[in-house]
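Here subunit A shows up in two complexes: once beside subunit B, once beside subunit C.
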Partner chain A sequence: MRAINQFYPKILNSRFKGETCAGFIRIVFLFVVFGPILVLVFNVIQKLGTGHWDWLALAFPTGRRLALFARSLGFAISVTAGATIIGLLAGLYFWNQSGKGNKFLCWLALVFIAVPPYVHALTWMSAFNGLEIIFRRFNLPAIALEGWGGALWVQMMALVPVALGMTLLGVETIDPDHLDAARLARPDSANVLKVILPLALPLVIAGAGFIFLLSLTDYSVASLFQNNVYALEIFAEFSSSAESGRAFLLALPLLLVTVSVLIVSQKTVRKAAMKPVRTLPSPDRHFAWPSWMRALLGIGAAFTAIAVLVPLAVLLLSAGSPKALARTVTAAQSEIGFTFAISLLIALISIPLAVACAGRLVRSNRNHRLWWLLVTIPIAVPASLTGIGLVFLWNRPLFGTVYGGALMPILAGLARFAPFVTLAVAAQLRRINPLLLDAARVYQTNLWRYWLKIRLPLLLPGIAGGAGIAFLLSLGELGATLVVAPPGLATLTMRIYNYLHYGASDSVAGLCLIILVSALAGGTGVLIVFRRGFRLVRKG
Partner chain B sequence: MIEVKNLTKAYAGKTVLERLDLELGNSEAAVILGPSGSGKTTLLRLLAGLDVPDSGEIRMDGELVSRPGYVLEPHKRQIGFVFQTSNLWPHMTVRRNISFGLGSIRQAEVRGRLNEVLKEASIEDLAERYPDEISGGEASRTAIARALAPNPKYLFLDEPLIHLDPELKLKIMAYILESWKRTRASMIYVTHDRDEATEIPGYTFYLRSGRLERMDSAP
Partner chain C sequence: MKGPRQGIPCLIGAICLIILSLCTQQNRDEVCVVYTSVDQVYSEPILRAFEQESGIAIRAVYDVEATKTTGLVNRLIAEKSRPQADVFWSGEFAQTLLLKEKKVLSAYASPSASDIPNPYRDPEFFWTGFGGRARVLIVNTERISVAKSPRSLFDLLDARWPANEIAIANPLFGTTATHAAALYAALGPREARTFFAGIFSRGIRVVDGNAAVRDLVASGKLMMGLTDTDDACGAKQRGHPVELVFLDQGPDGLGTLLIPNTVALIEGARHEQEAKKVIDYLLSPETEVQLIQSGWSHISLRNLPVAESCLESGVIRGMDVSLDDVYIQFLTAKKDLRDIYIR
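So, the complex of A and B:
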C-alpha cells in the first residue's frame, strides 16, 4: 500500500506534464491550421471598420459571378455524381473478386489517389490527341476533349479512385457476421440493396462529400480546359487587387457550401462503425450476384481501369527514352529536391500535431464534436485562400525570414494536410482496444515509457499512414504553393503547371512520371502500413 | 434430416474438422460440446453454407447441399441461425430485422407472421426500436425471433447465451426450448458449457481433434 502511495503522485505528475505538453501542441495545430483564415477575418473586420463597406458586395455574388458560382456548383455536383457512381460499382466489383489481376488493378487505382488532377488532364489531352490522329486516318469524326465536357471527364476520372477507396473502406468495415446473417435470409442480390449498401453508405457519402469539396475548390483542371471556375476567381481577385480581405469575402459563398457539405459528411463518418474485428478465419465468401448485376459492376470496374491505365500508358509513352528522362530529371533537379524536402518536413511536423489532437476526436464527451469540426473544417478551405491567408499573416517586416524562405510552402502544406494526418491517427486510435491502453496505464512507471512502449507502437500504422498521405498530397500540392512560394524557389508541380500552359512536352511527361512513380511507391507504402495496422490491432 | 460425411475443413494450413460424420433426424436435437477453438462454429458455418468444405459432403433431406466446389446458397437451405452475438442489422428496426427473411411471401402474410413471432418472443413493444435502443436480453430474443420467423426446417444456435447473465440465460433458454418444441425443427445447439448442454433434450456430442464423439443419446 505504501508503495502504491509513493507511486501514484509520480504517475499523476507525469500525466499532468504530458497533458500540458499535448495542450501546447494542440494550440500550435490550431494556429497553423486556422491562423491563415483567422487573419483574413480580422482583416475584413478592420477594413469594414475603416469604411470599406462596398467590399461586402463581394460576399453576395451577382450577375457574372453568380453565374460562375452556379456553373462551378453544377460542375462539382456532376463530377461527384459520376465519380461516386463509378467508384461505387467498381468498389463492389473488386470487393467480390479474388483474382490477382483484379487485385493488382484495384491496388493501382487506390495508389492513383495520390496523382494530382492536372497530371490526369495532361495525359487525357495527349490520349485524345492520339485518338484524333487515328480517327482521321480512318475518316472517322474526331471526339474532342475540350470545354466543360473535357474538364468534367478529366476531373471525374481523376477522382474515381477516391470514390473507389471510400467504397472499399465502407464495405470492409461492415461486420462480416451481419453479411452472413443476411445471406441466410435472402439471396445475395437482395442483400446488396438491403444490407451491404445501407451499411457502407456513411463512408460512401463521406467520399462523395470529399470529391465535391475537391472539385469545387480545385481550379487546375478547369483552367487547363480554358474554363473559369469560382475557385480561380478568388485567386484572380487577390492577384489583381492584392487585398486579402477582398479575396476572403469573395470566397465566403464557396466556404459556406464547402463547410456545410463537410459538416454533413463528417457526421456520417463519425457515426460509421469502424470496427473491422474478425476473430474467425476469413470466410469463403463470394457473393452469387445475378449476371445483370455483375455486368453493371463490371462497367464500373472497366471505367476505373480506363481512369488508371490511360494516364499511366500515356506518361510512359510520352516520357521518351531513358536518356531524355534523365535529362528532364537533371534539368529539374533543384525543384525535385526542394519538393521532396518540403514534403518530408510537412509529413514529419504533422505527426506530433496529429497525435496531440487525435485523442480529442475519439473522446466521448461534448468537446469531441467541436474537435471534429476544428479538424475537418480546414479541409473545406480552398487551397488558394489558405495561401492568401498565409501571405497576409507572414508578410510583415518582423517575419521577413519566414516570408521570404522555404518555410512558407511548409506552412501551407501543414495548414492543408495536418488535418488528414489527424484523421488517420484518430481512425487508428479508435481501432485500438481501449482495454490495452487502460492496462498500460495501470502498469506504467512513467508517462514516457507508456508512450514509447505502448501507445506509439499501437498508433504507428495510423501515424505512418497519415504521414504518408501528407507526404503524397504535399508532392502534388499546387493551389496554396503557387501563392506562397518565395521568388527563386519552385516546386515540381509549379514547374509542371507552368509548362502545361505552353503545351504538353516530353519534359512535362517526364516530370509527371516522377510524381506518378513517387505517388505509386508512396501510395503502396501507405496501403501496406494500413493493412499491417489492421492485422496488428486485430492481434491485439 | 442432416447427413454429414467425411467432412474436412482447414484454415491457413490448420485442420479444424477432420473426416467428421454426423446424422440428425427430422425434429431431433443435438448439442455439440467442445472447448473454444475446437471447430464448433466452423461446423455450423459449413452446415449453413457460409463456408465451403475441403472434402466430404453435407446432405439435407437427401439433397446434396455442400461438397468441395459446390455450395447451395445459404438462403435456400431453410435454416434459422442464431449467432454468438445477436448480430442484428443496425440500420433496421426490430420489426424489419425479423421480417427481412420473410421477403418471398405476400405482404399480408408477412404482417401476420411478424405479429405472431413478436408476440411469442414478448417483444411486441420493441418492434419500432433500433438494435442500439434495446437491452442485451431483448436483442437475444430478437435474434432468435428472426431465426424462427421463416419457419425454418433446421435451427442452428452458436453459443447463443454466451454473453448473457445467469438469470437471463434461464429465460432465453426457456424461450429457445419452447420455440423448438413448437416448430419441431431439427436443432443443433453449440456450446462449451456442460450445464447448458444438459438443458437440451437430445443427442450430445463432444468435438475433439476435429471429430465428433457421441456422449449419450436421446430417449
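So, the complex of A and C:
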C-alpha cells in the first residue's frame, strides 16, 4: 500500500506536466492553423453587420454555380477513384518486390508529390506533342490530350504518388505476425482480399480523402485543359471583388463537402493489427500470388512508372545541357536554400502540433467532433484565402517583426499542412490499442521516457508519413506563400511560375528537377533520422 | 554516442534558434519594399540597377500569373492598416485603379513624370503610367500568312477563320480582363457582351493565360491568338515562326488596347523618401528605354526614339478610351463574362 501511495503522485505529477505541455501546444495549433480562418470568419461577420446580407447568397450555389459545383465534384471523384486504384495496385506490387530498381522507382514516385500539378500538366502536354509528331510520321491517328479526358489523366497521374504512399504506409504497418499466421491458414491469393487489403484499407481510404481534397480545390489543371471548375469561380470572385469575405462565402460549399469527405475517410481508420515500426527495415517477403493477380498489380505499377518516368524524361530533356542546368541552379541558389529550409521546418514543427492534437480526434467524447472540424476546415480553405487570413492575423503591432520576416512562409505552410500531419498521426493513433498506452503510462513514470520509448515509436509511421507529405507539399506551395512571402525572399515555386509566364521552359524544367532532388534529399534524410532514432530507442 | 534524450532537445533548440533568426528582419537604413506584378526577368534588372545607382536596398515581392491576379493586389488591400510595401509597380493599370479606390495608395507627383501625357497620369497623382504593352494578334506564319490574317477584332467572329484554330486567354483574369473592360467602354456593355457571347458560342479556345496562347501558336498547334506584345515578341525573339498583327488599325478602326505600366506610392509607406526615389527612377526616360530594350515594354508614352526590334510598324493606334472609363467597366465586364464563360 505504501508503495502504491508513493507511486501514484509520481504518475499524476508527470501526467499533469504532460497534459499542460500538450494543452499549450494545442493552443498554438489552434492559433497558427485555425487562427487565419477565424479572422476570415470575423471579417465576413463584420461585412454582414454593415448591411451586406446579400453576400449570404454566395454560400448557396444555384443555377450556373450549382451545375459547376456538381461537375467539379464529378471530376474530383473520378480523379480520386482512378488515382486510388492505380496507387493501390502499384503499392501492393512494389511491396511484394525486393529489387533495388523497384524500391528506387517507388521512392521517386513519392517525391513527385512535390511537383505542382500544373507542371505535371505541362510535361504531359509536351510528351503528347512529341507523340503526335511521331504518330504523324507513321500516318497514325494522334491521341489528343484535351478536354475533360486530358484534365482527368493529368490530375490522376499527378496524384497517383499520394495513393501509392498511403498504400505503402498501410501495408508496411501490418503486423508481420498476423501475415505469417494468415499464410498458414490460407493461400496467398486469398490473403490479399481477406487480410492484407482490409488491414491496409483504412490508410488507403484516408489517402483517397486527401486526393479528393487536392483535386477539388485545384483549378490549374482543369483550367489548362479549358475546363471550368468551382475553385476557379472562387478565384474569379476574389480577383474581381478583392473581397476575401465574398470569396470565403463562395468557398463554403466546397469546404462542407471536403470536411465531410475527410471525416468519413478518416472514420474508417479503425483499430487494425499492427506493430510499431521496430521491424524496420521490413523483413523480405514474397507472396506467391496467381499470375492474373500479378498481372493486375503489374498494370498498376506500369501506370505508376509512366506517371513518374514520362514527366521526368520531359524535364530532363527540357532542362538543356548540364551547363544550362548549372546556370539555373546558380541563379536560384537563394530560393533553393530558402525553400528547403522552410519546408523542413514546416515538416518538423508540424510534428509536435500534430501529436498534441491527434489524441483529441480519436477520443470519443463530446469535443472530438469539434476537433475534427477545427482540423479539417483549414485543409479545405483555398490557399490565397489562407494567405489573406494570415495577413489579417499576424500583421499587427503585437507581433512586432514576425510579419514581414521569413517566419511567415513557415506559418503559411503550417496553417495549410499541419492538419495533414495531424490526420496522419490520428489515423495511426486509432490503430494502437489504448490499453497498451495505459499500461505503459502506469509503469513508466518518467514523461520523457514514456514518450520516447513507447508513444513516439508507436506513432512513428503516422508521423513519418504526415511529416513527409507536409515537406513535399511545402516544396510546391504557392497560393498562401505568395501572399505572405517576405520582401526580398522567394521560394522555388514562385520562381518557377515566374519563368513559366516568361516562357523559359528550360529554366522551369531545371527548377523542377531541383525540387525533385530536394524532395529526394529531404525524404531520405528524414528516413535516415527516423531509422537512427529507432535504433537508439531500441538500444535504450 | 548521444541518445535521443540529448538529441531531441538539441533539435528543438536548433529549430527555436532558426525561428528566432527568421523572425528578425534585416535592419538597414535605406531600404524600399517594392511589390511588382511585372515579370521578375524584366523587373529585377531594373531594380538592381537602381540599387547600384542609389545605394538604396530594394526588397521586392514578385507576383505570378498563376494566382490569377489574386496575389499581390489582395495582399496590399489586406495590409492596408499596416502596410509593408512602399511602392507598387504594376504591369497594367486596372488593378492600380482598384487600389486607389480601396484607398491603398498615396498621392505623389513625381518630377520625372512631367512629360508623360495626361491620359496616363492620375489627375490626383495617385498613380502614373509609363512604358507600355499592347494587345496583339499573334499568328503562326507556317499556318497562315500575315496577309491572310484577320485585321479586326471582329474578324474573330468571321467563319473564314476556323474557331478551333484561334485562342484567347481567360477573359476573367489579367490583361485579357482589362481588354474586355476596354471593349465594354468603347462599344458599350450591350455590344461588347454580344461580341463575347459570339466568341464563346463560336467555340474559340479559351486557354489558361496569355502565355498559353503564345505557346499554342508558337508551337503551331493553333493558327493565331490574342495576347500581349511581351509574350508575342518573346516568342518571335526565341525564333518561333510567329508575327504580330495589330488589329483595328485603319482610319475608322477601334484601335488596339495600350496597356501602360503603372507605379504608385503606398499610403503610410514606411520608407516614403526612398519610395519616391524609386518612383522617380522608374518614371525616368532612361528606365523607359531600358524596359523597351529588355522586351517588356514596346510603346513609349513619351514617343522616345528607341529602336524596337520586334515591331515593324512604328506607330500603334490605341483605343480611344480613358483608363478611368476602362476601370468603370471592369466589374460589369467581369460579372457578364463569368456568367457567359464559367459554365
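The rule is simple: the second predicted complex is superposed on the first by the 335 of 540 C-alpha atoms of A that agree within 3 Å, B and C clash if a C-alpha of one lies under 4 Å from a C-alpha of the other, contacts with A are read in each partner's own complex, and residues count from 1 in each chain.
What we mean here is this: contacts are C-beta pairs under 8 Å (C-beta built on N, C-alpha and C of every residue); 3 or more make two chains touch, one makes a residue touch a chain.
A quick note: this is a predicted structure, and the numbers were derived from the prediction, not measured.
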Practice problem: Please indicate which partner A:188 is in contact with in the superposed arrangement: first for subunit B, second for subunit C, both, or neither. | Solution: first
Exercise. Examine A:288 and indicate which partner it touches, taking first as subunit B and second as subunit C; both and neither are also allowed.
Key: first
Quiz item: Does the superposition put A:198 against subunit B (first), subunit C (second), both, or neither?
Solution: first
Quiz prompt | Of subunit C and subunit B, partner touching more subunit A residues | solution = C
Quiz item: In the superposed arrangement, which partner chain does A:320 touch: subunit B (first), subunit C (second), both, or neither?
Solution: neither
Quiz item: With the two structures laid over each other on chain A, which partner does A:525 touch: subunit B (first), subunit C (second), both, or neither?
Solution: neither
Practice problem: Examine A:239 and indicate which partner it touches, taking first as subunit B and second as subunit C; both and neither are also allowed. | Solution: second
Quiz item: After lining up the shared chain so the two structures overlap, which partner does A:298 touch, if you call subunit B first and subunit C second: first, second, both or neither?
Solution: neither
Quiz item: What is the contact status of A:178 with respect to subunit B (first) and subunit C (second): first, second, both, or neither?
Solution: first
Exercise. Jot down the residues of subunit A that show up as touching in both complexes, subunit B in one and subunit C in the other.
Key: none
Quiz item: Can you list the residues on subunit B that touch subunit A in the complex?
Solution: 11-12, 41, 45, 48-52, 73-75, 77, 79-81, 83, 85, 87, 89-91, 100-101, 103, 146, 150
Exercise. Would you pull the subunit A residues touching subunit C in the complex into a rising list?
Key: 64, 67-68, 118, 129, 220, 223-224, 226, 228, 232-233, 235-236, 238-242, 244, 341, 345, 348-349, 384, 387-388, 391-392, 395-397, 400-407, 410, 448, 452, 478-479, 482-488, 490, 494-495, 497-504, 533, 536-537, 539
Quiz item: What part of subunit C is in contact with subunit A in the complex they form?
Solution: 1, 3-5, 7-8, 11, 15, 18-19, 22-26, 33-35, 39-41, 58-75, 77-79, 81-82, 84-85, 98, 102, 170, 172-173, 177, 205-209, 211-212, 214-215, 219, 221, 231, 234-235, 238, 330-331, 334-335, 338-339, 341-343
Quiz item: In the complex formed with subunit B, which residues of subunit A make contact?
Solution: 175, 177-178, 180-188, 190, 194-195, 198-199, 273, 280-281, 283-285, 288
